[in-house]
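As written, the chains take the letters A, B, C and D, and residue 1 is the first residue of each chain.
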Amino acid sequence: MALSEAPIGQPARYGEVFDRGYKHYDGPQLGRGAAAWALVRYSAKRALGIKKSWTAKIIPILLYVAAAFPVILVVGITAFAPNAEVWDYADFFIFTFVIEGLFVATIAPEMVCGDRRENVLPLYFSRAITRLDYLLAKLVATALLTLTISFIPAFLLWLFLQLLADAPLSAMGDNLDDLARVAVAGGLIALYLGAIGLMISSFTGRKSVAVAVIVVAFLITQALGVALFEAVDRGSAYHDYLVFLSAGQTTIGLVGALWPDSDIDLSELALWTYVAVMLVVVAICCLVMLWRYVPDE
Amino acid sequence: MIAVDERTIAAPMSVVPEVAPPPVVEARGLEKRYGRHLALDRLDLTIPRASVGLLGANGAGKTTLLRLLLGLAKPSAGQASVLGFDTRHQGIKIRERVGYMPESDCLPPGTTAADFVGHMAEMSGLPSRAARQRAADVLYQVGLDEERYRLIKGFSTGMKQRVKLAQAIVHDPDLVFLDEPTNGMDPQGREDMLDLIARIHRNLGIAVVVSSHILEDIERVCQHVVILSGGRLVVSQPIGDLGDDGGNLLVRLDGDPGPFVARLTAAGLHVRPSEDDDVWGELVIRRDGDHVYDAIRDAAADLDLPLRSLRSRSRSLEDVYLGNVGVENGTGGASDGAV
Amino acid sequence: MTNLFWRTFPVTTLTVRQFLGGKAVRVVVAMSAIPCLFALIYLINTTVATPRDYLVEVVFRGLMAPTLLPIMVLILATGALGNEVEDRTLPYLTMKPMGRLRIAFEKLLGVLVVAVPAVLAGLLATYGIVRVAASDYQPVFRRAAENLDLTSVLGPMLVAATAGVVATASVFLFVSLVIPRALLVGIVYVFVWESLLGRFLTGIRIVSIRHYVESIFVDRLDDPAYTLDNATGLRAALIVVVVVSVVSVVLAAWRLRRMNLE
Amino acid sequence: MSRQRRVFIPDNGHVAPLERANLPGVIAGREPTIVVDHVSKWYGDVVAVSDVSFGVGPGVTGLLGPNGAGKSTILKMMAGLLAASSGEITILGGPARGRPGVYKQLGLVPEQESVYPYLSGREFVRMNAILQKLPDPAGATERAIGLVEMGDAANRKMGGYSKGMRQRIKVAACLVHDPQVVLMDEPLNGTDPVQRAGLIALIRALGRSGKTVLVSSHVLVEVERFAENIVVIVNGKLAAAGDFRAIRDKIDAHDHAVRIRTDQPRRLAAALIADPATRALRFDHEGRIVAETDDVRAFYRAVPAAAKRYGIRLFEVQPDDESLTSVFAYLVER
């Protein structure tokens, strides 16, 4: 910095002692939105086990592999035997639902249980965010991560199937509606499952308990939902609404409503009913969580 | 080294200007009820821009007060402002400008110190890169250097406390609340932590509110003291004003103090052993005037006794505290023979 | 009264208080109500199976034995000592003039005191509802031999379930002293080992609690309509359950003796 | 100071063979209740406690050392919760571990805060009384709760207790069976001044009644108030053991700095520099004399004598190294 001031022809002797002391921060403070977004990124990274030991990463990796498997399978079969009967998008979503459920059971407890158990919550709430910001950030993080399982494999499937067509570009144009459906299904499922998983996790600080309860809840509601669905007379007015008793049935129903041509014949409910009910469930989960995070007054 | 010393000495003069700066906290009639329990009782409190000690027994309302001031709980009555912001509606604004170090263990063990403090900086709205830089700087400032890339899991209590302090100042707040910052730390760690706290105010100009049980800590680092008891404010005053009660000198000798005591008593002085007699053999002598100093000197010189220490006891915070809190003093032999 | 419990079985009483004070009991009670929900569904529509079939195949062999019972017991058994290890309260028990075997045994007793009533109550309530449903059951195929007797199912269910609770509880009480995340391991055991592998690899049944529970159940039920492949005889199954439980408790006591408590 | 004060400061690197009669930290002629005999503890490759030997006799002994020095590990090994990697700990004549009978005479206040949140304080103490197989658990419970003055809060659930209340109920639970040997790991942590004063009085009373009380603490100002003997652990090794003042005397043999405030500093300085006990003199920024000496006792005699001779008034004589803090800092420095 002082180098240029040295007289020409003489070697520059430069020496300076710098103050290594505390300096005040004069950069920008971006406020609530930026803080919440930082929480989203941080939570997502930690839930995936990034910067943690391999044991924390192994389950997410296995689930990603499991989700990629059908994509490779379907694309492979279609490539070599174009006329073979392979899964359509609806079948694909029904298969991946199990993986999504397990994925949410893995990451949702990672999102919130540690904060409660390790007592980090007081620190978060002493920062420039509100409780609602915290919860929404956790929900967004969970949903975004789940999206990598519920949307990206299906999107890749769509992309590869178009690339296999004779005229990929026009095929893409023709099948944009499928892409839109994939996006709606992936996004809704991610938000819906994420909210349920987080809501359950918000009740305990023990991760293993949360994982157990989420898995058992998915399984039992599925069994109950199916049993009740079968038991109730098909003709009755409320029969179709019984799909909403379980996350699995709801998802299958949603997929069936998105792809009416598929052989899913669960109920006659309209697409908007599914969307509305799933969003209501998300809202209810948020309310429950908000109640769980009310300070002990 | 010497240069640093001079700066430390000079700093208080330069920080305290002629005109008193606006207070950092002002509370009027602040009240907080939990059901029937009155945690804070019509508190009128002004905390100056200084380093301030917040004292009180467990359950005196310290933590409740901090929660109210951070805008994390709503007062049942009254109002308070922190840095000019109303705690009831401007919690976010306050928390942007305030740092908080909670008493409890609050660090995720599976994170590195650098990651965690950086994340906390981001949570105060700092851009990601700046946050990481600040985290590294601040961790260095609190005395964590190489260790900052290690998992918090392996940290000692002292290191954890440093990380907690670092996250409280990482976003360069105007005011920090430190809840029991020296709890569980060893002597060296305590020294370092107290030095750090003193520096936060003196060198960085950040106002500090320290809540503590350890009176010596408050005496060492604070300029102003606030004492709560049963949710009420009992004392709020500059620490110097607690003053010297003019009362006592403490003398410690080697060897048998008998003749020494006899001589001083004969000279009309009031001498008694201190409460901790059986441990240290310290004598308490009432200071009726400056002649007492000379009497002590002469007695020691004539009896050829080593004068280990001579000091005047200013009214310690413990006295103020016990006096104001008004609980029976259990020190000394009060409950001897109970076992 | 509580005083009497405290004085006779202090550790058991503590364990029960621990469960009642936490959320574990709420989860377990909620789970014990799940078979009742299935029974209620059956009440709506009895055409899916005969009442006896429903009780045996759907409720007990489909739901209770493979999934609900192990998970309910797991939650309690891994918490009984595991939470004390995790919360570092175990020294309050081990630093007493008291044998380790007694600690392990009383802890197991505490788990059983909560788990057995919860499981049995769920089964009983389910049985009651299915009984009600059976009153308007219309045999679809009027087969002469159709067995509609429900009462004879109840006893075997309760006996087999109790044996299952005891065995699972003692095994996982010990496991929780050895593995830090015993509950997760247990859930993997239930879903992977007992359900998936057990279905394909018949050899695994020998080391499966569920297998012995079903063996006891099938044996007591003594109905050719309900069988189990490679079923173990009643006596052998009971001996296995007892031996497994005793060995687990002894191992837990041994582990308590050896453990380093931080 | 009639009884003999023995002190032990180990030489670096030198490990003395253990002799019961010559155990560091034990007052001659008294049988130690706790004997730590060449004890080490490793966690993997990390040495937490390294070949430590000392004894603890009746009375209050302070166990001192910085965080992570190994104090808690030693207490846990004494309590039989941890196995020593090598060496042996004996309590009341027998091994500490694998002998549940010893707990009739042994109590520990553990370091961790955790208690059973769903029990009331009274239930918790009574549970301890019952597990100790006391004939009158109810009476013992009330007595123990009385000792820590927790009567008011004893019926509340411990989950709602403050840190100080938890500490006190833990102490009550530890004392309910009136054990001969009491181990306390940081019992004063988290207590407020009033509670602390009460606990200190209790600890002193326990020591006076002839029990062996070993208390670890960081807050040295307070250890001064209850401990007659100290055991100092630094970095897993024994740094010092024995009588408090005797250890200080040992340290007196090393360089000391003394601060003196007087009305005529230059004159007193001139008088003191002539004294052979004075090694160096300077003034601090408040105008006090800072004198360095290597013969502490002679110097402390010289100060009043010189002041008297020249009619100088002494306001303050404050050794820099008087408190335990500096004793400790000195031991740690090596």
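One rule holds in what follows: a contact is a pair of C-beta atoms (placed from the backbone, for glycine too) under 8 Å apart; a residue touches a chain by one contact, two chains touch by 3 or more.
Heads up on the chains, UniProt names are B = Efflux ABC transporter, ATP-binding protein.
Source: prediction; values computed, not measured.
S.K.: Return the chains shared as contacts by chain C and chain D, ordered by label.
M.R.: Intersection of chain C and chain D contact lists gives nothing.
S.K.: Would you identify the chain whose Cα-based centre sits farthest away from the centre of chain D?
M.R.: A
S.K.: Does A-B or B-D have the larger number of C-beta pairs in contact?
M.R.: Most contacts of the two pairs: B-D.
S.K.: Just give me the whole-number Å value for how far the CA centre of chain A lies from that of chain B.
M.R.: 46
S.K.: Return the distance between the CA-based centres of chain B and chain C, expressed in whole Å.
M.R.: Taking the average C-alpha coordinate of chain B and of chain C, the gap between them is 56 Å.
S.K.: Using Cα averages as centroids, what's the distance between chain B and chain D in whole Å?
M.R.: Their C-alpha centroids are separated by 24 Å.
S.K.: Specify the contact topology among the chains shown, as one of line, ring, star, complete or other.
M.R.: ring
S.K.: Got a list of which chains touch which?
M.R.: According to the stated criterion, the contacting chain pairs are A-B, A-C, B-D, C-D.
S.K.: Which residues of chain B touch chain A in their complex?
M.R.: Listed in rising order, the residues are 34, 67, 70, 72-73, 91-92, 95-96, 98, 100, 102, 104-112, 115, 119-120, 122-128, 130-131, 134, 137-138, 140-141, 167, 171-172, 199, 203-204.
S.K.: Can you list the chain C residues touching chain D in their complex?
M.R.: Where chain C meets chain D, its residues are 6-7, 10-11, 14, 17-18, 20-22, 87-89, 91-100, 257, 260-262.
S.K.: Okay, in this complex, where on chain C does chain A touch?
M.R.: 23, 27, 31, 34, 37-38, 41-42, 44-45, 48, 58, 63, 67-68, 71, 74-75, 181, 183-184, 187, 191
S.K.: Given the complex with chain B, which residues does chain D contribute to the contact?
M.R.: For this pair, the touching residues of chain D are 65-69, 146-147, 149, 162-165, 175, 178, 186, 189-198, 200-202, 204-206, 208-209, 211, 218-221, 224-228, 244, 285, 296-301, 303-305, 307-309, 313-319, 322, 325, 328-329, 332.
S.K.: Could you pull out which chain B residues touch chain D in their complex?
M.R.: Those residues of chain B that touch chain D are 5, 9, 56-60, 103, 156-158, 180, 183-190, 213-216, 252, 254, 276, 279-280, 290, 293-294, 296-298, 300-302, 304-312, 318, 321-322, 325, 327, 329-339.
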